[in-house]
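We call the chains A, B, C and D, going by the order they appear; numbering starts again at 1 in every chain.
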Amino acid sequence: MDFVRNFPCISIMLCLFAGIISSGLRGKAAMLVNAALLVTNTVLSACTLAYTLAAGESFVYVMGQFPAPWGNEIRAGVLESLMALFFCIIMLLSLFGGRHKLIEGVEEGKLYLYYVLMDLLLSSLLALVYTNDMFTAYVFVEINTISACGLIMIRQNGRTIEAAVRYMIMSLLGSGMLLLGLCMLYDLTGHLLMSNIKESVAQIVAEGQYTIPLIISIVLMSVGLCIKSALFPFHAWLPDAYGYSTVSSAAVLSSLVSKGYIFLLIKIIYRVIGFEIYRDSRIIDILFVFGLMGMIFGSLSAIRENDIRRMIAFSSVAQIGYIYMGFGMGTEAGMTASVFHILSHAATKSLLFIAAVGLTDVSGRNRQFIELTGAGYRNKWAGAAFTVGSLAMVGVPMFSGFISKLLFSQAAVQNNTKMLPALIVLGISTILNAIYFMKTVIRIYTPVEDTPYPSMTFRNMPLYAVVLVAFIILNVTLGVSSQPVVDMIRQGLAMFA
Amino acid sequence: MGTNLFVNYGEAVAMILFGIGFGNLLLQPNLIKKIIGLNIMDTAIYLFLAEKGYIKGRVAPIVANGVQSMEAYINPIPSGLVLTGIVVSVSVSALMLALTIRLYRRYHTLDLDEISKQLRKEGL
Amino acid sequence: MYLILLSIFIPILMGLYLLVRKEYASRGRLLATTCAGLVLTGALAVASFTAAYGSSFTLFYLTKSLPIAFAVDEMSVLFSCLTVIVLLCAGLFSFEYMKHETKEKRYYGFYLIVFGVLNALCFAGNLVTFYLFFEMLTLTSMPLVLHNGSHEAIMASLKYLFFSMCGAYMALFGVFVVSHNSAVLTFSTGGILHAAAGSPSAGLLLAAAFAMLVGFGVKAGMFPLHAWLPTAHPVAPAPASAVLSAVIVKAGILAVVRTVYYIFGADFLRGTWVQTAWLILTLITVFMGSMLAYREPVLKKRLAYSTVSQLSYILFGLAVMGAEAVTGSLLHVLAHGLIKTALFLCAGAIIFTTGRTRVDELRGIGKEMPFTMWCYTIVSLGLIGIPPTGGFVSKWHLAIGSLQSAIPVFRWLGPVILLVSALLTAGYLLPLTIQGFLPGADYDYEHLKKREPSPLMTIPIAVLTILSVLIGLFPAQLTDWLTRLAARIL
Amino acid sequence: MILLVILIPFIAAALSVWLPFRNRKSWEIFLESAVTLNSILVWYLLLHHSGNTFLLAHFTGNLSVSFRVDGPGMVFSGLVSALWPLATLYAFEYMTKEEHEKIFFLFYTMTYGVTLGIALAANLLTMYFFYELLTLVTVPLVMHTLTREAILASRKYLYYSLGGAAFAFIGLIMIIVYGRSTDFVLGGVLDLAKIGDRTNVLRFIYVLAFMGFGVKAAVCPFNSWLPQAGVAPTPVTALLHAVAVVKSGAFAIIRLTYYSFGTDFLRGTWAQTFVMLVTMFTIVYGCSRAVKETHLKRRLAYSTISNLSYILFGATLMTPLGMTAALLHLVFHAVMKIASFFCAGAIIHQTDRYYVHELDGMGYKMPCVFGVFTVSALALMGVPGLAGFISKWNLASAALESGSTVACFGIVCLLISALLTAIYMLTVVVRAFFPGRDFDYGTLSGVKDPNWMMLVPLFIFAFFIVLFGLYSQPLADFLYAVAIGL
């Protein structure tokens, strides 16, 4: 079974090849290639996950047979393969769910480009997940940025280009800081491979040298990644980028791209700096505070929003706040909760985006709330899915959001000083979530007399409905039998250390 | 501290440049100037890297004249990184410029705030 | 035992029957039914306190600690006598008076119910039972107040209702506290709280006692919650006013007696701040009631203010907690009950015949209705306290009792205020007599015509007048009995 | 078996929508018999089963969804299952005037199952789960009329409830972390060794959780949803907003206080004082608002707010007697308030009158309805001989028994509230029966009592109000046994 060790590398390479091949294909064919790629990668990731679970430890794949510290490495553990699996599944579902909008919104001749970019994005995501090399990480961060930017602007109107530019600028700021931090770290340690850096860092800290440069480099990397993942004060680019791009892009961006950066940060915390050292630096408290503020202000902005897509986008800001709050707790449990929330939020947010588009479609493409009145009856599938997503976001038991809330709170209790703020903000944020999501749910289930808009049924949109059902199942599965997933996350985090 | 700063003047300059570039990228309303800022920022980092990789009195790790001793050459990895970084930043700059052209054709301005204003007028 | 229950439930059931059945074909039948009901109830009540005197029984238990029990003791007899006399007389009077009102059936229905509830109050054997019927009394007497259905009457009845409820709930607080400190709530002479006298809960108990005094005092028109009385009594039909002013307010007195002498015990309260506060309140009420009555131009309202004042005579006597004073109080219960009924019935007779309500419109009324006015004058003198009427005897005892007591300041302040109030009483009652009989030289005798009301009205007035005089003339036996009673409960 | 009684309503609800019924009658019969059957099953369960925990599923780790029949659960489920068939009967008649009956009864019947779930939950997590579910299934009921007002009300209801649950959730977390288990054990499950020096934090969390569950029980300042939610059809306001939903809040608080945090941990601390003061304030506040309110149903809703805090006041005494009194009032208030709401509903159904000042003289036209209304009014005021007096008496003696000064002031609050109750209830009665002499009865022509489907539940409730008032000892004994651990 050892050939499974090749799978991570193969999956990344497959993505790149698929991208290259697609660039010569027509739109339809590129789509099929992409779908095949995603399915293959899902299978590969699942195999890797099974393998690492069975082995109970992670493995390192050395690229080009150059041994450390010179060569480039890929490392796969339970957590990495779990992430990869999830990313693949969710991207697959998001693409299927948003396909009809894509065909509408993108020029016929350029459709293949979308799939090229998507392939590229997947490759960069997988690389971010698997890589063991900091500089490789940086390169794929940039690739990620570029392809994400392309995904935003594929639906060409002024808005999306502007959003793409803004996204680009913020991303470049972030990656610039990441790069600088990385260079400084390299300067301090002389290594680029994560495991080697970690040893050196431990040594440096033990000797008490270079504390200030080390902290500066940690800060630079963390802030860079925070900007890229739209933590609260750096979220200005997010609503436009998620709000106006085509729905699949929005779903993928919100649930995967920002999560890729967050996952990179997790890797930096565990595998580069070392959890204890990172925890003892003050940056963790800053992350905590920003996380809390994000939870509140993101939701407040969402409440004020009148456009359903932008509302969901703002909700992402709040959810990312949750994740950073989990980091900020500085405990193993907090980290577990954060990772779980990455999964549950990914599953929920793409569901919401895709359901929202179904609702706006039956409301004359109008995204204002007032037009959505009664949309839940015109498109029953989207209505139900949106309701499920909302309930999950609010944290109603049986849905995935409840488990993350549960894990977050349990983690919070373990930290004496941060317990009360975390718990109270969690409570307030739940209320705020309830306000804007439930407002929408009630709105879409408020019937109107003689609407001018047509209804949508299963017959019109079989694929769309199936995708929604799959999302709902995913969500409920996470909510009901979360224990295996949580165990895997724990195991994976343990492998990181 | 002062002496260190003087000795490592390369790094100091790199940091100042990074600051200039970062500020430009963040604060300039003009898109072209933003891109220039981006490039300054990236260049600053490459300078920083190069400075770190440079060892006084040695030459670039290109085997010339048959000298194979490790002592003769500087650390090759930073140089490699710089090269990679340049590739990345070139492509990013290209993308940004392409976007800028798009926007300019549409809105006849390079001012991002102005574009936002027009967008709002369009009601999109 | 059955007599007591019958005397309570027969009128209530008859009243309910009257309320729910459809209109009678003729007024006569209604009157006959009512009359039968009244007489039967009166007879039953008398029978029960003669036949079942001294007995007590528990009907059933609401919860383990809340028995519904009835008992007949001297206090029951005293109040029951008064109730029977007044309700019968006023009932008889209504037969004529209610001619000019509508909805007679409803009136008689509630009248009977009130009769039953009053009986129940007299025979209640413990605090819970008493409280139960106390609330019932408020609820069932309210329709009597609002009977004429004018906006004013409805507002007055609501005021009555809410003041009474307020009082009842204050009392209920006391009941809670008492029940917490005592295993049983049965009325027994000398109180049931001996054990708690020195305990740490004594402070709370005193507060409870005060709450109960003020709360039950609402019904008896005691300051500061007296305001309902002058509003509610005058708007009712005259016989109902009579019942309200003479008997229903006495339920408040009975409640206070039961609370102070049968639950807490005089020893428990004597010399405490509760007694002092209570004395102050009663004296304020006595003076204020007379003063307001003096300034009031409408006859029935004036009588209502008078009630406020007179009731606090009784409360003052009770507050002194001496044998002599209590005797005076109990006597005054009887005297005031009879006199005030007579006064209201006179006022009713005047309104019924002439339609005039204000005192200054009643010049020469004595020439028109000499009999009524003579009765009015006689009972007025009684209320003022001029011998040989009932009022004199009771006030005499009150004053003596107060002077005999050892309470500082109030032992002399009380009689002084009582005296001043008596003067004011003369001031507000006698002008009607004087103007009525001596209208002055410019009175138009030409249009004068005798219009004495029918015997149905005059007879009750006469009976009450005679009774009140009898009390004054032959007080010895009654006083003895009451003195013994007072000594026992102290 | 336990699962069955929770599931039957759901199944019946689903069937009632999907099955093709020939006509309205057969549909009605189907629903009514399903509900009745379920109630019978519940009572059978209560009488024959006890103590066994039924584990449905493991959630995560040591958290499980499980059910058990224990003391308070018996009381609450018994109460709910006794009321539901009657309320359904009433609702059939009432809903003839409204639209979308089937949807209405779908959720109405589902709520039955959810409420039973709350009552029979064996641990905090399960209860929390059903608690959230309750919010969700009742929102459509509030929304039912779909007027703007109804939608606003349902939104508010939703926000408040979910928000409250969010804070209750914090309490749940504390129990998970610091408790020996989340199961309900009389006396609490907190592990004092684990808590160490964090007692005050935990008490603070208790207060938070109290307020969280208190949202459903309409504790001040989180009560404004309840009067607004009165826009729902009357069967909903009567059964849900006077019994099932709001009592779930009170029930949850009893569970939280007595079975999770434990009274020993809380008694005599600032946390107890705080929550007690909150309930006392709510008692007075609810009544005063009721006095000012002229819309009959909203007035009753404010009265509910106040009465719910009677229950909570009893619960916050944190003594067995306090819990007895709380449970007693839980039962009695349910009967009293449902009776008065049904009267209000009958008035609306027959005459479309909503405001108190429109009720002049109706007592003569609808004697049965207003007779029952008067009985319930007197009972709510606490007139001896009716149910309200007994529970008030028990509350007061429990308060005195607890010996705390605050509790004594609580009695004063109870009495002030009783007075205010007299004011707002009796003004209605007086208006209805004594409209004043210049009232024109012509305006009431055609007004009459509703038919038997509405009257039968009314009379049954009135009968129970009197019965409980006169003879409640066995019930009180049973509840006391519950409170000291069955």
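Here is the rule we use: contacts are C-beta pairs under 8 Å (C-beta built on N, C-alpha and C of every residue); 3 or more make two chains touch, one makes a residue touch a chain.
A quick note: this is a predicted structure, and the numbers were derived from the prediction, not measured.
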Chain whose Cα centroid lies nearest the overall Cα centroid: D
Between chain C and chain B, distance of the C-alpha-averaged centres to the nearest whole Å: 103
Mean-CA-position distance for chain C and chain A (Å): 84
Chain centre separation in whole Å, for chain B relative to chain A (CA means): 28
Whole-Å separation of chain centres (CA-atom averages), chain B against chain D: 68
Residues of chain A touching at least two other chains: none
Contact graph of the chains (line, ring, star, complete, other): line
Which pairs of chains touch, using the document's own definition: A-B, A-D, C-D
Chain C-touching residues of chain D, taken from the complex the two chains share: 367, 378, 381-385, 389-390, 393-394, 396-397, 400-401, 408, 411-412, 415-416, 418-419, 422-423, 426-427, 430, 433-439, 469-473, 476
Touch list for chain A against partner chain D, complex: 391, 394-398, 403, 405-406, 409-410, 412-414, 416, 419-420, 423-424, 426-428, 430-431, 434-435, 438-439, 442, 445-447, 480, 482-483, 486
Sites on chain B touched by chain A in the complex: 18, 21-22, 25-26, 31, 34, 38, 41-42, 45, 48-49, 52, 77-78, 81, 84-85, 88, 91-92, 95-96, 99-100, 102-103, 106-107, 112, 115-116, 118-119, 122, 124
Touch list for chain D against partner chain A, complex: 57-61, 125, 128-129, 132-133, 136, 139-140, 143, 146, 151, 154-155, 158-159, 162-163, 165-167, 169-170, 173-174, 176-178, 198, 201, 204-205, 208, 212
Chain C residues within the chain D interface of the complex: 20, 60-66, 102, 128, 131-132, 135-136, 139, 142-143, 146, 148-151, 154, 157-158, 161-162, 165-166, 169-170, 172-173, 176-177, 179-180, 204
